[in-house]
Each structure stands twice: as C-alpha cells, then as structure tokens.
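Chain nomenclature is as follows: A, B, C and D, assigned in order of appearance, with residue numbering initiated at 1 for each chain independently.
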Amino acid sequence: MARDAVLRVADLQTHFFTFGGARVVRAVDGVSFTLHAGETLGLVGESGSGKTTTCLSIVGLLPRAGRIVGGSVLFEGADLTRKSQRELRRIRGRRIAVILQDPMASLNPLFTIFRQVAEPAFFHQHLRGRSLRERVQSLLRAVRIPSPEWRMREYPHQMSGGMRQRIVGAIALAGGPRLVIADEPTTNLDVTIQAQYLDLLKDIQRETGVALIFVTHNLGIVAKMCDRVAVMYAGKLVEQAPVRELFDAPKHPYTRALLGSMPKLGSKEPLYSIRGHPPNLASLPSGCSFHPRCPDVMPRCMTEEPRDFRPGDGSVARCWLLDDVLTRS
Amino acid sequence: MSQFIIRRILYSVVTLFILSATIFLIVRLTGDPVALMAEASARPEDLERIRHQWGLDRSWPVQYATFMQNALTGELGKSFNYRLPVSELYFQRLPNSLTLGLAATLISLLIGIPAGIISAVKVNTAWDNVAKGVALLGLSIPGFWLGLVLILVFSVWLRWLPTSGSGDWRHVVMPALALGWYFAASMLRLTRSSMLEVLGSEYIKLARLKGLPDFVVIAMHAFKNALIPVFTLAGVNMVVMVNAAVIIEVIFAWPGIGRLLYEGIFQRDFPLVQGVVIMAGFMIIGINLFVDVLYAFIDPRIRLSR
Amino acid sequence: MKRPRFEASGLFTLLAAALILGAVASAAIPFASPAGAAAKGKLVLAWHAGFASRWLDPQEHDGTATPDNFFTAIHDALIKNQGTALYDYPALAEHFSVAADAKSATFTLRKGVKFHNGDPVTPQDVKFSYENYRGAKADVFKKKTERVEIVDDRTIRFVFKEPFLDFAILFGTANVAGPGWVVPEKYYKQVGADGFKQKPIGAGPYKLARHEPGVRVEMEAFDGYYRPVNVKQLVMISVPEAATRVAMLERGEADIVYNVPGELITKVGKLPGVTLAPVLSGSFFIEFPGFQDPKNPFHDKRVREAVSLAVDRRAMNQAETAGMGKPTGNWINNDVQYAIEWPEYPRNVEKAKQLLREAGYPNGFDVDWVTPLPTFYSRGERLIAQLREVGIRGRLQTMERGIYFQRLQGGLKEFPGTQIILHGVRIAGSWSFWYEGHFKCGGFNSRDRICVKDLDGKFDQYERSINPAERKKLAEEIQRGILDNYYLVPVFRHAFVNAIGPRVVLQKWQDVFPTITTGYAYPWEDIKVKD
Amino acid sequence: MATIPANTRLAARRTASGWLGALVKAAREAPLMAVIILGGLVLVALLADLIAPYDPTLPVKGAEMFVPPFWMEGGSVATPLGTDFQGRDILSRLIYGARVSLVVGLMGTLVAGGIGTAMGILSGYVGGWVDQIIMRVTDAWLALPAIVFAIFLAAMVGPSMWNIIVILGAVYWTRYARVIRGEVLTLRERDFVKLAEIAGASKLRVIKKHILPNVMNTATVLASLTVGVVIIAEASLSFLGVGVPPPQPAWGLMLSEARPTLMAGQWWLTVFPGACILLIVLATQLFGDWLRVRLDPQTRNL
C-alpha cells in the first residue's frame, strides 16, 4: 500500500484471570490486522466478541483482571505491549485517542468543558494561558460547536448528548493523535444526530489524515464509514475485507448471517436470525467456535480450528469452506 | 435561589418546633427538679417556695408558651443551678466544644479520607485489608475505654500529655483522638465505597485514556466527585461530635457542652437542658445549610437547578 | 500571732508605688506583702462533682454538704465549724455570748476586718446578711427572730421572740445554714443575687480570680485576711471521672483529690509521696418502709434484729472503703450535738436464723426490692448477698438519683409490699435534724414510711423544751428507743477517701482535713505547699 | 473496578497477594469468621445456664475480690478469668453477658430497623407533607441526646433491659429512616413500580409487593451494621449510669463498672468485656460487609 502502516496488530492474545486464576477467559484470541493513515477499519461483532478488549489492549488500559498474554501491537515503530505504563501514558491521549460510547457519562460533571478539552493539550503539548484557550476554541470549532468561547465555560450537564459526544471528539483531537479508536460512539445518539456525527468524523479524518478504528455492531454505519471491515466472533477475527467485497461477497458464514439479519429498505424477506446464543468464552466449543451455530457446519469444523484463508480479493476469512472452494477451483 | 432559602427557613422552623416540644415534654417527665434542689431537711412549704420562685407551679402549656416566647427573643431562661442565663453558659462552653469537635472532625477526615482513597485505589491488596481492619477496630471500641487507655499510656506512663482539662493544644490531642477515632472508621468506609464507585465511572476511564498522570486522575477527577457523600457524613458527624461528646468530656474533664447537658439532665435543670438542646437544633440546621451550600459550590448541577 | 495592720493612707501608697518601681527595676525582688510570710505557691484541687454557681452565695445555701467548700474559701462567718469546734470557732466575731434565757445572742466584730474590695465589714452587713438570707432553715430563723439590733460600730445583737436553743448550732455550722456568713450589703445590692453568684465578694481568706461556671474556680490569697494565708493560688477543677482524678494525682497535676473510689484506694495509698485522707463521712443505715403494718414481716422486732445480726458490717467496710470507714452503733454521726455513742452491733448468722424461726419464718422470706442510695449499688448487692445467707431473699432495685429522691419524698405509696432501703446521709449540726428529716412522721425524707408515734411525741416535747438538760435526756431516750427496737439498722459510716499529693506539707492527713464535721479540706488558709 | 493498566507480556499469574489476600477472599466468599463468631456467641448465650460455672449475680463462695486470671500469680482455676469487685466470677458474667448484649444488640436493631424502615417507606413513597413531617422529626431528634430518653423511661417505668432496647431503637431509627427513604425515592421512579400503579394496585399493595422486598436487602445490610453500634451505645449508657441495671451482667455495664481498675493495674476486668464487645461488633461488621456485596452491589456505598 502506498500509505505507510500506522498500526500493525499481530496475533494479539488478551486473557482475563478471575477467582485467583482458576477461571481464564480468552477474550482476544489471536487477532491480527493492519491500519494505514487516513484509513477507517470497522470492527464488528456481537457484544462479548472481544471488540472493546482489543481496543483497550492496544492502549494498554485493560480492566483489573486482564492481561496481554501474546502477540504484538506495533505503532509508530514500537511494540506497545512492551512499553511500561509511564511510556504508554505519553502515547495515550497524544498519539492514540479514544472516543467512548456513552456521552452522558464520559465527561466529568464537575469540570468545565474548557478544562476537560484543555487537559490533553495542557499535559502533552504544555500549552498555557492564551495559546491554550485558542487551541481549545479551534478544537471546538473543528467539531462544529457554536460560539465556542461561551460554551467552553459551561458544564457538561448544560449540553445535549450530541453536543457532548462532539466535545469528546474534540478531546480526542486535542493531543493531535495519529490513531483514533471510536468505541460505538453513536450508539447512544438518536438517528439524526448520529448521521451528523459520522459526517463530522469523516471530515476530521480527511483534514487530519488520522487512522480510525470504528467499533460497532451496526453494519449500516460500517457501510457508510469504513474502508475495511474486520468481523470478530468469540475473540477471533473470523473475516477481514474491504467494505465492498465484504458486503458483496461475504466469505464467512457468520458474516453472511450478520448481513442477513440486517433489515433492507423495501425488502419483504423474513429476517434471518442466528440460532443458539454466543459461546461462553471461558469454555469455547472445540474446533471452530462458530460451529454450533453455523448453518454450513462440516464435521471438520467441529474438531479442527480453521486457519486464515486468502481468496485473493484482499479479504481474509477463517473458515474451512474456503479450503474446499480453493481446492475445487 | 430565593425559593430555596424560603423553603429551608420553613423547614428549620418546623424542625425547631418539634425539637422544642419534644425536649420540653420529655424533660418534665424525667421528674420533679425541686426534690433535688431542696436541702435534706426542707419542709413541704420550702418546696412550694422554690417551685413558685421558678414558675414551675404554672401549667405546662403556659410554661411552654413562655419558654417559646423567650426562645424566639434569644433568651433561653435562667439555669436553676448556675443562676446564669442559659445562652451565656452555652456560649461560654461553645468554643471548647467547637475546638474538640473540629479537632475530632479533622482527625476523622485526615485518617478516614486518605485511608479510604488508598484502600479504594489499591482495592483487595494488603493496604485495603489493613484499612478495613482499622475501620472495624474503630467501630468496635467504646470511646470511654479508648480514652482511659490513652490517659494511662500517654499521660501516666509516658507523661507526654496532660491527663485532662483544657488549656493549650496538648490538652486537645487525646480527647480529639478518642472522639474522632470512631468517626474516622465510618469516614474511611464511606470514602472507600464512594471512591470505588467513582473510579469505575466512564469519565475516569476517559481521563485515563487522555493519558493524564495517575495523581491527576485520582486526586482531581475522582476525589472531587467522591467528596459529596463524604461531606454529608462529615456534616452530621460534626454535629454529633460537638453535642454528644459527653462521655469524652467526662473522661477528660473537658469543659464542653456535652457535660453541661449531662449535669443539667441529672439535676433536672429544665431551662439549661431545653436551651442547650435548642441550640444543638440550631447548629444542625446551620451545618445542614452549610453542607448544602458547599454542595452547590462543588457540584454545578445543583447550583443551577435550585 | 496577730499580723501588724497596714493602715495605707493616700500619701503612703504613692511612696510605696515609687518604691515598687525602683525595686522591680533593680533586682526584681518579689514585693513582700506587708503581712508576715507572703502567700506563695499554687494548690490544685480535683473535685468529684461539677460546681453550681449558686454555691458561691451563702444567702441561698441549699443545706447540702458541698457548698461549705466555697463559703470557707471566699466568705467568712461570725462563728463557724473549724477544726474540732462544732459551730463556735470565732471568726469575724471576736467573741459572742448567748443570753441565759436563750432569747438573744450578742456578737462583737473583730477590729479592721475587710471585704475583698476593701470595704470594712460592718454590723449593717451582718444585719443585711441575716435578714436577707433565704437559704436552708430560713423559715426557722424568720419565725423565731424578733429583731436585729446594731449596738455600736462593732456589736450586733439578735433578739428572739422565744428561747432559741438551737440558734448557735444552726448559725455556726457551714454545712447546715448560711445566715451567719456575711456578705457586703452595698455590693450585693449593686450586682444583684445572680450577679453576685458569678463574681462573689466576701471576707474570706481567698478572693475570686477566675470563674468558669461548673468547671473551674481560681482563687487568690486575700492579704487583708486576719489570719495568715499560706498558698497564693487555690484552684478547684471539676473532674467527674474518678480514674482521671487518680491519673492527675499520679502525674502531679492535682495536689488534693476528692473521693477516691473503693477499687483504687489501695493503689493510691501506695503512690510515692501520696497520703490518703479517709474522712469518716455519711452514715449508711437500713430502713424498713411500712413496717408498722402487721402484715409486713419487719413488723416483728425479732425479724428486724435478725437483719441487724445478718449484716456483716466489717466485710462491708473492708470491701467498700478498704476498711477505712467505721462499722457503726448509732445511725446518727457522733459529730453532732446530743448524738449518743452506741456499741457496734454484733454479727451472728445462727442467732439471726433462730430469731427468724421464732418469728415464724423457718425458711426465710422474700423481699420485693432492696433499694440502695443511687450509685452505691455495690453496697446494695453486698447487703443482698449477706441477707440471703439467713434466708432473706431480696432483689436489687437501682434508680437514677433524681428519681430516688423523688420516690423517697413520695412516701410509703412509692415503696409498696416488703421493701428495704439502704439509705446514706450526712447532716451536721444537731441530732434533731437527722430525726426530723429521716425518722419523724412527715419528715422531708421519711414522710409516712416510719411514723413511730411515742418517739415522735417525745420529739415534739424536745422541740418545745427550753431546758438543755431535759432536751439532752429526751434526745438520748429517743435515740435509744430507735436503736433498741431496731426501727433503723445502722450499717457503717463510709469513708470519703481523699488523697493528698507530695507537694502538700503535712505530718498526718488530719493536718489537711482538720475539720471533723466535714469531708473537705478547709480551713484553706492553713494548707501549706512545698515550693 | 479500578483499572490497573496491563503490563507487558505475562504468563497467567495469581492476582491476590499473599495469605492476607487469601484470608480476605475466604472471608468475602463465605463470612467464615463472622459465622463462627456469631454462631459461637448465640450458642453461648443459649446454653448460658448450663456452661456458666457460677451464678453471675452472686459472689463466689470463698473467693476473694479482684482475683486475677488463673495464669497470673494469685489466680485460681476455680475462677479462670478472675473475679470482679464483688467477688463474682468474671467468666460466668461474660457468658450471661453474651445473652444480654445479643438481645440488646439484636432487639435494639430490630426496633430501630422496624420503625426506621416503616418511616422511611412512608416518607419516601407517600411523600408530600408526610415526608416533610417525618424528615423534620428525624432532623429534630438528631439533636436529642439519648440520655434524656434513658432517664425519662427509667423514671416512668423503672430501669430495665427493655428500656434500653426501646431507647436505642428510638435513637437509631432516624438514621434508618433516612437511608430507606433515599432508597424508596429511587425505587418509586422505577418502571415496575409505575406499572404496578397504572395497573390499579393500591398504595399499600405496591408497598407490600414491590417496595418492601427491594428495600429489604438495604435494611438487612444496615441492620448488620447497626447491631455493633447499638451494643456500643449500650456500653455508653452504662457509663452514664442509665444503662442495663446491675446486677444483670451485660458487657457494657461490666466494662464501665470496672473502669477505675484500669488505673489500678487490674487490666483484665476491662479487657475481657471489651474484647467480647470487639468480637461481636467485628462479627456483625464482617457479616454486614459480606451481605452488602452478596445482596446487591448497589448497596456498596453504604
């Protein structure tokens, strides 16, 4: 690819140890993908598939019981999993920023907007006084907040959900990041605000050339926002492809099922719903984790874990079906 | 804001009315003061003389009416025992009680809050367990036992501190510790749980994702939010410490309000008991108001909504 | 030794002032007061109770034992109880005489006696103090006094309507009544009764320096006093907790500690340089409320005697006051007028059981309640244990102090069924105050619980009689009547144990507690402190 | 939970640290310590008549006063923990004292909890002027000293253990009412309560069916914390002379009666009752902590 790779995740494994290590949950089990500047990767999957854990592993902020037990995260030529907390802190908020899901809770109710937006610039760029105020005002204008010099003196509870998510967006940009991870930023917004917010992210990406990981379970958004899509199931990356290929020719049965369960305008077909329920990550089924719910399940799926197959159109899928297709053609 | 103030004043009036009625009634039911005031070889007519002298021969409603009437004008009646206006006695002792109350509150805050924060941040580690142990100890030792042990160790054996009485700062140390220790434990527990809740919140996660140093995240973001319930408890504790420190005051011969009330009750000094309890009522209202104003100062959401 | 009078006229004070300035500038020698040995040093007294400001004003003496501490410190009386004198120690009055027919009493004031504010003590002050007095026994004085005559600038005569035989005792005993304690009329009227209680002025050895009501009273030696005052600063602090008082003693923060509790007597006794002062104090005795009713088991004299035989007075004394009290014969203390001596009652469990069998109670009987004087519950419990040995089974009833006194004044209806009261009291002055308060029908405490008609009759005769010999005979007859019939069963005189720290100068504890009619450490002026 | 940042590539490792952590974990899983102590105390209280060597209210025949515990010089095995200032056996008094303290602790909490919960629900759910009155009473009674109540009741009815229970209940119900009211205020807004009201349920039925069950776990957690407080309050009342009347053995009374001996070096007379109080309060607190986490994470902030 002409553009250089901003982030290269190779075989990332993150496990949770609870009850003194007796119970191990393999939340992320060998995830690999690459992200280039200006590119948007959609990370899709049901809740509990490991999407958020992957993001947290990248920035090194796992919950108490979480541990990265394998793989590497290369970012700007360094493996983040090797770095200490002190070093990671200089990267978080400055080189990598995160936008969280719930705008109502992401902002500290007791601090003014100015203070919360200014903090990354204050701590990372060491801006003070007038230059800091100007920086904050420019950020707020970038996220299209009207009359920023007034609004920045107000408090979070004086703003709507949409406005707050834009503030969170401004905070993300404050450090001048190369990579922004947006963890379902629009789930809590109502539809009209959602569309505005997505356009905003698109504009910002275009202006700053920042790489974007967009975590969602809404395939409609993926179609609109993302260049590439990665589908996760039970901690594994089951399929990864450019947006067009994924929607036109989904390779993995789970991806097909996801697309099938998306209501299309005007179509009368019954919605497809995947039978069974998501697997227990502490005791995954043998072989391919999806096999108990897979409509095209084969005996092989039950015993042998599939490996990645590259059918050649830029997509990668981890399913034995592809193995047959390849050999047949 | 004015609507808020009017409502608070109305509340205070009702609270004071209930308080004054209750204490007026209960004190009179504890017995007849004249029996205690008259000398061993008094005769019935002596009792009548004393009863008349203090207006105790009038019916209760009449006595209550005059009591409330005077109370409104700030005159709380004259103590049987001290023959001094109750307000004068009260304000003579108030500084001592406030010193002790503040010192004990300070101790409870200085021990309770930091320990609470540490045990919240380092939850389920050795620190947390030590803090929880200290909290349990605090809640299970009666104040007077701790007081006497302190006197025995620091005053009689080590001779560092004076045993009792009031004077310079050295007199306050032990009583404040004996009084504050119990409240430090409850402060610790509340701070810990309040901090745990705040540290689990999204905005703390975002603050960390901003790459802010741990100190800023905990001390600025988390602590300020955790402070609100802590202040409520501190406010209530403060009132209790000033007015109900009778046991510590008796042990350390501290000239506070608690002792004044304690002696007043046993000697059936009606005006004194009523006056001190009413003033305690005022103090509660004052501190509740102060805490509410503090809320508005800390939490912008409250400031605008009232 | 009479101290030289220092008649400071105007000129002389100016000269003295110049002298002081010169002295201070040169060698800072402490300015020796004109009197002999200058008062020096400080004495701290830790009290067991809070002070009531009304105790600083003898005009409203409440008849209890505690205010005499302050009267003897700040005020002075014409005659008072001091040392072994029960009531007639000459103080402000150089000498006094009671008329043969006891219808008048004449007092001559000491020359040059002054109040703390410099005003001289005049007969007019004495007259005012007497007529304005409204404390304990005020009605007795008013009823019996015709008028108060001021004979000359140093002599006062009290003229009575009828022979007033008890006048001297009532007038001169600090812990009974206060008309004899002289207050400055001009100042008293100027500040009013309540103002006086906050800043009292008297003619006593100490003048008030600082007063924290109920907590602390600081006094300084009054150099105009007619006797030498040794300690410069006298400080009284109220320390309700006994353990703290002992700690103060150990640490040298207090020089004299009132009321050391039973458990600590032995330990305090062993402290280096500390002397115990076990002052014989209140007398504890058993009362059988409503024993006149035939159905009441105590109606039978043999049962009452059995109770007396069952009580182990020595064990009670040893356990409660480390043996420093005195198992008593007579329930009336021997330091009051006409009190008779009575041998200690024997203890004989077998005879007690035998008496109970004769009275028809072979296996004893149940007593509804045994009620001790509040906070002395341990004595109640010991009495119950001792009575149980002879088959009298009782249960302890405790009450809060105020309620106890209220119940006593409520009379028999407050003590239904079979009850025992272990009461304790100390009254000074005359035996008749004991009888009138605690035995006579309608008395302040006894009310209708005892009511022995013939003895009450004799007592009325005693009250009416004006012949001292007849009164003495009647007094002894009545007391013997009570003790022979076991109407009351004396137990023991408990010791009000005080402790004296190493800084106080003394050979024996009686040097600091010389006054036999009280448990307190006055006269204050005589106490010396090592510097 | 607090986020401890992950560190570099690590093999799986135990999270708890050392034996202390394990102990706490065990205590947190099932309140072993609390159950043992409380169970033991209840057993001792029930079997007091059997296991106590002497009658607690009477001096031991032939025993001196202030006999030290048996392992100390002068002590005797007949009175293992020594005798008090009346020559009574301390061990027997502690055993019977367990009964009194448990009853005072539990019944006091029950009274306080009962009134408090009722008042809390009433003021929280019914609201309006009822709420105002109750809240004002709780404000007012915060200023009323417990001693006044104690003497008032002792005057009216004569001192007894039940007085103390009523008094402690009267003093501590206000703290209960405040917490329960806060709980009910949030519950009232919840959908299932709204739905019940819309479905035409009477206020009483809503309270019985919906409010009460939800409030119960907060009430029980608060109860476990209040038991300790009530027992210490009883000791304080005894100190002021208006507690459980002698000769009934109660730990609080034993402790306050023996306080001068602390100065006299006979430490055991105060240490044993003090330790028992410490034990029972410790057990109830631990039980409370376990209950709080077990029942409802929301009550964590109690």
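In this text, contacts are C-beta pairs under 8 Å (C-beta built on N, C-alpha and C of every residue); 3 or more make two chains touch, one makes a residue touch a chain.
On a predicted model such as this, the values are computed, not experimentally measured, just so you know.
Engineer: If each hop has to land on a touching chain, what is the smallest number of hops from chain B to chain D?
Structural biologist: Minimum step count, chain B to chain D: 1.
Engineer: Counting C-beta pairs in contact, pick out the pair of chains that comes out on top.
Structural biologist: Highest contact count among chain pairs: B-D.
Engineer: Centre to centre, using CA atoms, which chain is the farthest one from chain C?
Structural biologist: Result for the farthest chain: A.
Engineer: Which chain, with its centre taken as the mean C-alpha position, is closest to the global C-alpha centre?
Structural biologist: B
Engineer: Roughly how far is chain B from chain C, going centre to centre by Cα mean, in whole Å?
Structural biologist: Here the centre of chain C sits 39 Å away from the centre of chain B.
Engineer: How many angstrom between the C-alpha centroids of chain C and chain A?
Structural biologist: For chain A versus chain C, the centre distance works out to 91 Å.
Engineer: In whole angstrom, what separates the CA-based centres of chain C and chain D?
Structural biologist: 46
Engineer: Please report how many Å separate the Cα centroid of chain A from that of chain D, as a whole number.
Structural biologist: Using C-alpha averages as centres, the distance is 51 Å.
Engineer: Going by the touch rule set out above, which residues of chain C reach two or more other chains?
Structural biologist: Counting only residues that touch two or more other chains, chain C contributes 241, 243, 247, 400, 402-403.
Engineer: Among all residues of chain A, which ones touch two or more of the remaining chains?
Structural biologist: Counting only residues that touch two or more other chains, chain A contributes 61.
Engineer: Counting only residues that touch at least two other chains, what does the list for chain D look like?
Structural biologist: 1-3, 5, 15-16, 25, 151, 155, 259, 262-263
Engineer: Report the residues of chain A in contact with chain B in the complex, numbered from low to high.
Structural biologist: My answer: residues 59, 61, 89-94, 97-98, 100, 102, 105-111, 119-120, 123-124, 155, 157-158, 168, 171, 174-175.
Engineer: Give the list of chain B residues in touch with chain C in this complex.
Structural biologist: 30-33, 35-43, 45-46, 78, 81-84, 89, 92, 148, 151-152, 155-156, 159, 162-165, 250-253, 255, 259-260, 263, 266-268
Engineer: Any idea which chain C residues touch chain B in the complex?
Structural biologist: Per the stated touch rule, the residues are 50, 52-54, 61-64, 135-137, 139, 193-194, 197-198, 212-216, 237-241, 243-244, 247-248, 250-251, 253, 400-403, 405-406, 409, 425, 427, 433, 436-437, 444-445.
Engineer: Spell out the residues on chain B that touch chain D in their complex, using ranges where they run on.
Structural biologist: Residue positions touching the partner: 11, 14-16, 18-19, 22-23, 26-27, 29-31, 120-121, 123-126, 128-129, 132, 136-137, 139-145, 148-149, 152, 156, 190, 193-194, 196-197, 199-200, 205, 208, 229, 236, 239-240, 243-244, 246-247, 250, 261-262, 265-266, 273, 277, 280-281, 283-285, 288.
Engineer: Please output the residues of chain D touching chain C within their complex, sorted ascending.
Structural biologist: The touching residues are 57-59, 65-66, 85-86, 151, 154-155, 158-159, 241-242, 245-247, 258-266.
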